[in-house]
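For clarity, chains are labelled A, B and C in written order, and residue numbers in each chain start from 1.
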Amino acid sequence: MEKRVVFRHPVLPYLLVAPQIAITLIFFIWPASQALFQSVLQQDPFGLSTEFIWFENFIELFTTPAYMDSIKVTAVFSFSVAMLALTVALYLAVQADRVIRGGMIYKTSLIWPYAVAPAVAAVLWLFMFSPTLGIITYALEVLGYNWNHKLNGTEAMMLVVVASAWRQVSYNFLFFLAGMFAIPKSLIEASAIDGAGPARRFWTIVFPLLMPTTFFLMVMNMVYAFFDTFGVIHMISEGGPAGATMIMVYKVYEDGFRALDLGGSSAQSVVLMAIVIALTVVQFRYIERKVEY
Amino acid sequence: MVENRPWVTYLTHIMLVVGVLVMAFPIYLTFVASTHTLPELLDRPMPVLPGSHFIENYTTALTSGVKELGVSVGRMMFNSLVMALGITIGKISISLLAAFAIVYFKFRFRMFFFWLIFFTLMLPVEVRILPTYKVVADLGMLDNYAGLTLPLIASATATFLFRQVFLAVPDELAEAARIDGAGPVRFFFDILVPMTRTNMAAMFVILFIYGWNQYLWPLLITTDESMYTIIIGINRMLAVGDDFAEWQVIMATTMLSMLPPVVIVVSMQKLFVKGLTETEK
Amino acid sequence: MAEVLIKDVKKSFGKVEVVHGVNCNMEDGEFIVIVGPSGCGKSTVLRMIAGLEKITAGEISIGGRVVNDLEPAERDIAMVFQNYALYPHMSVYKNMAYGLKIRRMPKAEIEERVQKAAKILELSEFLNRKPRQLSGGQRQRVAMGRAIVREPKVFLFDEPLSNLDAKLRVQMRLEIRRLQKRLGVTSVYVTHDQVEAMTLGHRLLVMNDGNMEQIGTPIDLYERPKTVFVAGFIGSPSMNFLTAGISADGTAVELSGEGSLPLPDGFSKYGGSEVTLGLRPEHIIVTEKDSPIKFKVDMVEELGADSLVYGYFGPENTILAIRVPGTVKIEADMNLQLTCEPQNLHLFDLKSGNRLEV
């Protein structure tokens, strides 16, 4: 943590941290504390009076069916995204780890989707499932199924989940590959000599040793699903139809910018902040302990 | 692979190819759509092979965009570029300075600043949108490049990466420099910064993609069309509704919007992977 | 004039004092080696001379100037580090030129100095290479080149050869010695290797646990070690130590019930004292005559020119090492009688470990 060599200078270090601290204070600490502050206020829509109402906003939140629904939706959404992205990525990573020739090509072809913005990923999938000219919609029609995610809540959810997961597969793939690379070949060879077949080897050796990576990715995928998917929701469904895809971060936007309910929106922000902090803390704690082999 | 069963290897390759194709399919389709005229697309099912209107569509997109939008894709790509570069260069610069101060100097509040910056790691912009919007509005930075970039420079991932890198630099190097007569500023520019070139490049890749792909923030900040980033532009183009969207231009725009980040990831793959894996620790 | 005067220098880290008062007057052009085991404080002293550590008490002056409060760059010193500390992204030339560049030396002069140093160190063909393209020995030479071009008042070496393999170490040792002789610059060299110390230094400063044990020429330290520590540290294999007592009249040293060995004149004042007796392996003689040291051989290491014989002596089975010529054939389990010339007996006070002087 500490360097042996330290410079002592009266002014310089302050100058060096100044830009970062300034930006942090102005665009981060101040707004975050504002959010906290406003979450315990109620402002009437004309901005004429503000009332200090303690935790009423929070209580109201947790008793509003719409918000509770949003929590449910978010849970279903993030869990689905994480599961889908993790399993596909793990499978592909295992396959890619096996091939000696061409490994590089597969790797390259599977990681570039990460460069695509979540919002753009949404457009791609939206296009394929568009009720008007989506090619998959057409295929489904031929099979007798009418797809319209603008009307059907479950379909909307499925679409946003797939669009979100598509991109995360690359991310997870990368980390899984790196994690598997770190497993000493000698362990695998030893178990092969012991008589374990490939499936067994995977479940008893590779998978357990990938646990830290998996856990890490789980948390990262959830954070991604909670926040970075705003663009996906906004592009595809705008939280609809009828709140079927109203994840919590989208609701903050809706209530804050559209409905102008500052108090409620701020309270929601605070709840989200708490969740992220909890996730980050869990992440850090686990990372501290993970280096234990 | 330990066993020597050739058919398993074939199977593996096949599955991988399938995986690659499935992942690539949406992009392929988008590309196809960007090369046809709208009537051709609306004629169900849409064609699955590329058409012949590549140049026409892309030119339209770049020079004039979609009719209702009022701004060309070319202009929007420029906005995205400015924003992405602004965030990238801004973040790397202030992070280098801050990491340098925290690692190599002893001063009061050092630990306090450290934790302050650490705190920012945990809260992405989506969580503080309302008040940050208000701050930016109050500072008069709506609808301009400063408002687009500055709030996104705040988080500390780059600072942490550089801190880790600096901690790993051997003490003796700094001592040798000290004996050679280099003060802290010289040490920073002549020695520390050149030594961390790879890490800076890795960060550049990651941050550029992050900045280019921003959605929520530009959505809130920009109301003037000429300031739209390309990602927002696409959303606006679709806002006219499914039936009236000029899909062929939209798809061309989409392809264009993916171009810079994908090119960077593919050509700088090693750096990208390095940047990704090292920041997330 | 580049004398280095170290007066009563102490160093504490917080409340813990790690260097308890070191004194040394180094003459211009002298090669002083500070030697001692790990953790004895030798590097700390060196770093205080360099200015990399603050001096808690005492005074250091270089070339007549007190340097306590001066930055390293202002002290006109140059240092060679154990890990070379070469700037990895700069070529060999740039590495050597860096310090001069900062001092705003004209380019032509920098060129001249670097080329000269490169020639002395046989680095001329490597000037455009980066450190990672060089071998360990070459890197070490670049580190020395960086020091030479500065033409400082003092060279400081911090265990520079520790990272090299044994053969290279011997070679570089000679090179350093030759170099110093040629350039005539006052040098302070830190090492834990007593062989390196003995071969390089004009004088040695032996340190232990923050204390200065003794300072003197290598032969001084070998023939007249002032403390048990120095006696055991210098010489390989180390000196053998036995607990003994001086006879009442001071003419002989008695070995726990086994008999006694005669002492030279002058020890009468120590009659009756309890002592640690030191015998160097190379001074122990195998004798036919009846002698108090009855020795049972345990193992023999045949090195060619010499053999090292290890075995047991006395009631407590103390292990002794003796050095015999390779031609003498000794085997395990043999019983031998050992003795030693009076002038080769080293006597130290049992409690303080200090040498008993006549």
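As a working rule, contacts are C-beta pairs under 8 Å (C-beta built on N, C-alpha and C of every residue); 3 or more make two chains touch, one makes a residue touch a chain.
Since this is a predicted model, take the numbers as computed values, not measurements.
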Label of the chain whose CA centroid is most distant from the centroid of chain A: C
Which of A-B and B-C has more C-beta contact pairs: A-B
Chain B and chain C: spacing of chain centres that average the CA atoms, whole Å: 59
Centroid distance [mean C-alpha coordinates] between chain B and chain A, Å: 16
Multi-chain contact residues (two or more partners), chain C: 52
Residues of chain B whose C-beta touches two or more other chains: 175, 178
Residues of chain A engaged with two or more neighbouring chains: 5
Sites on chain B touched by chain C in the complex: 170, 172-173, 175-182, 186, 190-191, 194-195, 197
Residues on chain A engaged by chain B in the complex (per definition of touch): 1, 3-9, 12-14, 16-17, 19-21, 23-24, 26-32, 34-35, 38, 88, 91-92, 95-96, 98-100, 102, 106-121, 123-128, 130-133, 135, 138-139, 150, 166, 169-171, 174-175, 178, 188-189, 192, 198, 216, 220, 223, 227-228, 230-231, 234-235, 249, 252-253, 256-257, 262, 265-266, 269, 272-273, 276-277, 280, 287
Complex interface listing, chain C residues touching chain B: 50-52, 71-73, 77-79, 81-83, 85-89, 98-99, 102-103, 146
List of chain B residues in touch with chain A within their complex: 1-3, 8-9, 12-13, 15-16, 19-20, 23-24, 26-27, 29-30, 33, 41-42, 44-46, 48, 93-95, 97-98, 100-107, 110, 113, 116-117, 119-124, 126-132, 134-136, 150-151, 153-156, 159, 166-167, 171, 174-175, 178, 183-185, 209, 212-216, 219-220, 231, 234-235, 238, 242-243, 247, 250-251, 254, 257-258, 261-262, 264-266, 269, 272-273, 276-277, 280-281
